[in-house]
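When the chains are written out, they are named A, B, C, D and E in that same order, and each has its own residue count from 1.
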Amino acid sequence: MKNAVSIQLIQCGKTFANGAQALQPIELAIRPGETVVLLGPSGCGKTTTLRLIAGLEFPDAGGQVLFDGEDVTGLPIEKRGVGMVFQNYALFPNMTVGENIAYGLKIRKIPAAQRLKKIDALLEMVHLQGLGQRRIDQLSGGQKQRVALARALAVEPRVLLLDEPLTALDAKLRETLRADLNQLLRTLGITTIYVTHDQSEAMALGDRVVVMERGKIAQIGTPQDIYYRPVSHFVADFIGTMNRVTGVAGGGQVRFSGGQLPYAVSAAGSQATLMFRPEDVEVVADGMGTANMHGEILSTFFLGDRTRLHVNVGAGQAVVVDTGRSASWQVGQRIALRVPEHALLHFQDEVAA
Amino acid sequence: MKNAVSIQLIQCGKTFANGAQALQPIELAIRPGETVVLLGPSGCGKTTTLRLIAGLEFPDAGGQVLFDGEDVTGLPIEKRGVGMVFQNYALFPNMTVGENIAYGLKIRKIPAAQRLKKIDALLEMVHLQGLGQRRIDQLSGGQKQRVALARALAVEPRVLLLDEPLTALDAKLRETLRADLNQLLRTLGITTIYVTHDQSEAMALGDRVVVMERGKIAQIGTPQDIYYRPVSHFVADFIGTMNRVTGVAGGGQVRFSGGQLPYAVSAAGSQATLMFRPEDVEVVADGMGTANMHGEILSTFFLGDRTRLHVNVGAGQAVVVDTGRSASWQVGQRIALRVPEHALLHFQDEVAA
Amino acid sequence: MHKSFRFYVQLGLTLLVCAFLIIPIILSMLAGITDNFFIGWSSGFTTRWIVQVWDTYQVTIWRSIAIALACLVVTTLVGVPLAYMLARHKGGNSRLARAIEELLMMPVAVPGLATALALIMAYGQYREFRSSLLFILVGHVMFTLPFMVRPVLAVMQSAQLPVLEEAAASLGAGPLQRFFGIVIPNVFSGILAGALMVVTLSIGEFNITWMLHTPLTMTLPVGLADSYASMRLEVGSAYTLIFFLMIIPLLIAMQWVTHTTRSRVRL
Amino acid sequence: MLPKLPKPRSQRQRYLWFALPGMTLFLAFWLLPMLRLLAVGASGPTGAAAYLAVVTNHRYLMSLIATLLLSALVTLTTLLISVLVGLFLQRNRFAGKSLLLAMLTFPLAFPGVVVGFMVIMLAGRQGLIGGVSNWLFGDAWVFAYSLGGLFLGYLYFSIPRVILTVMAAAEKLDPALEEAARSLGANPLQVFSNVVLPALTPALISSGAICFATSVGAFGTAFTLATNIDVLPMVIYNEFTSYANFAMAAALSIVLGAMTWLVLALARSWSGNTAAAAA
Amino acid sequence: QNAICYNCPPEWADWATQIKAIKDKTGITVPPDNKNSGQSLSQIIAEKASPVADFTYVGVTFGIEAKKREVTTPYKPVGWNEIPNELKDPDGYWFTIHSGTMGLMVNVDALKGKPVPRSWQDLLKPEYKGLIGYLDPASAFVGYVGAVAINQALGGTLENFNPGINFLKALQKNQPIVPKQTSYARLLSGEIPILFGYDFDAYRAKYKDKANVAFVIPSEGTLSVPYVVSLVKNGPNPANAKKVLDFLLSNEGQAIWANAYLRPVRASAMSKEAQAHFLPAAEYARAKSIDYSKMAEGQRAFSERYQAEVR
């Protein structure tokens, strides 16, 4: 494993020429060799953050970018020693696969023989042996993606930056490449920043995930942190499917027309919203007293490995329930549901939101 | 519920002018009010089939399209009374939302006052109240999709045809609209044909699913049919995630380096491939004798509601295993797996494939 | 399915328009090798007129070719960087760039007569310049520059140049390495299309040249106009035939380039 | 140790350097002379009033009106023909299509004088039309040197450009739009007027404007046909050559150029298309 | 060794032969140039500050105009004295080298059996509808010459253009073709069967291009017009230009004009053979001369009237 660098963003904001503030001043510290995923909805500033780190944009006055503690804020990308993989790959159409991969080496005046060796090694690493002579437009999407990766790695960058490298691919291929990429990143041990808006990709790949919301960082944490312990409505909603139930607090419960859920904190009589995951809901036999909600099935979706139910429990939007695949459900059927107390989430400060 | 029509395709093949045979002669009978989903990989002929039903293409000589038993083979689309929703919506950019919705009515010379009423009713139905005056380019993708649906429904078509109406949208929105659409289709009771290449969409929406493969129908059945009882490798692979394990048959087992699975049919000594779903694999405590495979974890993906493992059992590709979310796994760890006999699939005739 | 009435009306109209555009070209080429066009083809065919034109006007042909090539060199050297600026300044959204684009089109919008008059008024007093081919060249460059800039700009805009350049930068390439290593090769098809257009237009330019030319700088189209006015129809036709033989291969090449460009530009 | 660089703000202006040679040439050899021409236009006996002569002098006014009417007529006819032909060519495949298309674009590159000659070939005394009409009706129709000839000539160089534009626009037209209209019951005429035509409108406005502007400024064709019609460019030519009246020639040129430019600019803002295809 | 001429078109007045002879005898190259008189004068005026041309060859009125505009310079070539006084500027700002006679050039074949017209009045007959062409008097010198010739022949004067204007008005019924440029080619091709033009063009068509072309000096009379050369003031090659002008008036130069069916200014240069190509002298008796400087003055006024009343 090579000696990887740490990255620090200090008070890095970004206001574009047209006055749009894409990024409010953020703080971010990335450890050497870590894979950090920037995750968030479209327009939240993921790409902008990545480009600040790359040296393709420069932060507003006061912002600083440090690589291994050293200030690189003013350095343009060609001097930062970063490798970058772009969303649409940005392969040079006027060069072959091999020439693309070797471009950075050529710029660095590495002799041709050495370049050829390196091309072969990299092609093998990304499972594209023998494609060095291909024209770019003769590659499939997945192959292009691999070439882009090989090209970025060829110059042995200190930092690897990837901007939605899998988004343009279809679902099946995306899953395969995600596994490959995961393995590769762990082997290389290079500091990596990965941008995506796909939460499952983020959780699968990231050592830590940075969830962003409208130019700000909403939460930084491991995938488990952000899934089990979201710090806000926004994060909870954005990661996975989340149910919300709204009712009136009182007597250690939140009550709504279809039942009540245990909840102790709020002032009695006030509105309260509780959240929980579909997979945390159990369908229980009615009349056993274990149920804490009852409702009518609005729709059923057979998803193969499970069946998803939308159940109206009279508490705002329908409750989504994932059940084992064996049971069979009818729209209109009434069922009893139970959510264990430990699975309930509540955000005091955001109730109004 | 209005009186819906049945649709029959009899020996409908389609060869294009350039000689490409997009569709081999197929037979398809759709019951009145039914929602049938055409599912298959890109280029398999889904759109072509839909367009034959719409009257946008005409079948090769010998093919027949019947609506309620009546031959409409030669009728062009404008005379068939079908409503259609296109993949990229195909909204008229020179008209407002309201004008788009009312276009078919205008063509039918419905008076303006009546048109306005209908527009309002439809806008409400698709949850777009008050957007009648909007320009098309001021709509989001999801809104466009709803307008396209409202426009198709405005003329009260006998048949509703949808060609990948959700593909252009992002995952979260797709899921919301899918639920809406599901509810709407059940309420309307109109005969509907829905094209998609997304198997979860197909299973969620279809009363029956037609799986297509290279211009042929591979299987027709309910979502449960095609998921649990696929008739071929192709269908099994295409629907959901499917594991394949290859080994040597003998003594009622298929053996491979990591273990063996019960399988009785093949001639002893021959190669055999067995298939099973990731959710049918159990991780069992080792040494209990219940395990039928052992292997090493290659990667782990935390997916929130579950963790997906890729496990090398020495039988061709890695076995994908979905486990409950609570357990914690390490790459490199050895685990024992069990697949119940009833979960195993085998296709005798296709072993060579 | 039977073709509709509409189809045949459109087909007929299309054939008529094609005939309108193409038949005169063919007729004039034939006239150039007809012994006596007044009598008709029965008078027989001859290369006499072509030989006569070649003898009389050969020099205008070489001159026009020379000017066209010089024009190509200048518009390429000057137009490609200009297009680059238009494509990239302030992310390609600058008002200045749009204004320059607009300005560049002016010599095409304004009648050539006016451009020529203006050049004579402004620079006519420099005798050496006025009576040299440079004077004509200047007029041609002004007129053809936008035809180099526009296709190059179009390719630059569609070729995702900013991303490609960023990719090159991420691999360590500096601004000049990017311009020559990435920009130029990737807009080459645009340059080629522009080049063919420039050469074609320069060879055929009349409106400006007609006023700018002196007896020593007469070009092919000016000679054509002369021959139309003062020579037999057959001579004018023969001259036109030669013009067509020069220009049509260029036009066909242009077609081919735009065709291949369109399929290549998409990244 | 990495070199410490100032914040590369200057990078923004870097691209301006690339425009320097081109803009220098342009300023020196077009803008400057044009300013000079502007001054010359006001240097005649009537001074700056020369710029009003187009409307105050009856002859100039008539010729301006003739020029504008002719150009407008040419534009409308061209648009009509080109829409029908362009759509047809875009939508039908047949053997030799690419050859035909190539040939159709040739006239784009012909100088005006050659276009004039083509008109003579068609409608001159020994032209094709005369020959055919003589054979059919015993009367040779000869109109190359009349308004008809000029009209034909302007059509000749306008049609190819507009056909190309229509074809390009029609290619971008989403076929699903037409199918959607049909699925809602529209007949072919309704599809055309409600869907196709609106989609082509921006392209038609911009190419129509170019066609109009080219016709207004066309000199070579009028020069070759040397017709009875005094289109404005011929008037300018005449002022210059017959009377050496540079001031008036300059003033008229400037007015003509300004008008042409205005038409193009207006069209551009209407069609919202900055890249009004000009070729 | 150049001498730049404005308006020495090889296809007009056989300048082609002349230019070749000049090159042979003096070693000076005169590049062919295809302007007309008006264009030449305008260009010379436009280039006044730094002329491109050394000399110009124009219709007489333009020579007079050029002197007024102070763009020419006096020169009296060898043979000056042999030029009749009315055919040269007393100071040498211009002098005639040859002249032509206005008349009707008729492509007899293109008339398809119709009789060859004999007079200006004949042209008003309906049978010539669409067959007549004359150059635009408002823009071409030749056109103006034709108009003046008609006016004079029908009883007008340079002060009174009514007869000419009225005739041209009447002629419009026959839908004449009115080009703005030399239309020799169109006469030859039959495009314009009857064209107002010079005798030398007609003879060239008849003898050189072997077309069935007749030249008619209308019975009412016509005009003959001198063509002159002038030395451009501050031209780049004055010495060469002077040598060329000398040659044009030399026996050899003048003989070339005569052989090209032009009437050389030095009558002695006309050989018997050359003379034989011309119509008989009796016909030419109807060709008059006129006060060319007054003719020049009247052009603008006439153009205005023509454009206002005839068109």
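Here, a residue touches a chain if its C-beta (ideal position, glycine included) is under 8 Å from a C-beta of that chain, and two chains touch if they have at least 3 such contacts.
Bear in mind that the values here come from a model prediction, so they are computed numbers and not experimental data.
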Path length in steps (a step moves to a chain that is touched) from chain D to chain E: 1
By number of C-beta contact pairs, the top two chains: C-D
Rounded Å distance, chain B centre to chain D centre (Cα mean): 52
Inter-chain centre distance, chain B versus chain E - centres from mean C-alpha coordinates, in Å: 88
Chain centre separation in whole Å, for chain B relative to chain A (CA means): 26
Junction residues of chain D, two or more chains touched: 120, 126, 223, 240, 246
Where chain E touches two or more other chains, by residue: 46, 181, 183, 189-191
Where chain B touches two or more other chains, by residue: none
Complex contact set, residues of chain C against chain A: 90, 159-160, 163-164, 166-174, 177, 181-182, 185-186, 188, 264, 267
Residue ranges of chain D in contact with chain B within the complex: 93, 174, 176-177, 179-187, 190, 194-195, 198-199
Chain D residues within the chain C interface of the complex: 12, 14-19, 21-23, 25-26, 29-34, 36-37, 40, 81, 84-85, 87-89, 98, 100-107, 109-114, 116-122, 126, 128, 155-156, 159-160, 163, 188, 213, 216-217, 219-220, 223-224, 233, 236-237, 240, 246, 249-250, 253-254, 256-257, 260-261, 264-265, 274-275, 278-279
Touch list for chain E against partner chain D, complex: 36, 38-39, 41-42, 45-46, 69, 110, 130, 136, 138-140, 177-181, 183, 186, 189-192, 300, 303, 307-308, 311
Chain A-facing residues of chain B, complex: 170-171, 178-179, 182-183, 186, 198-200, 203-204, 223-224, 227, 239-240, 277-279, 298-299, 301-306, 310, 322, 325, 331
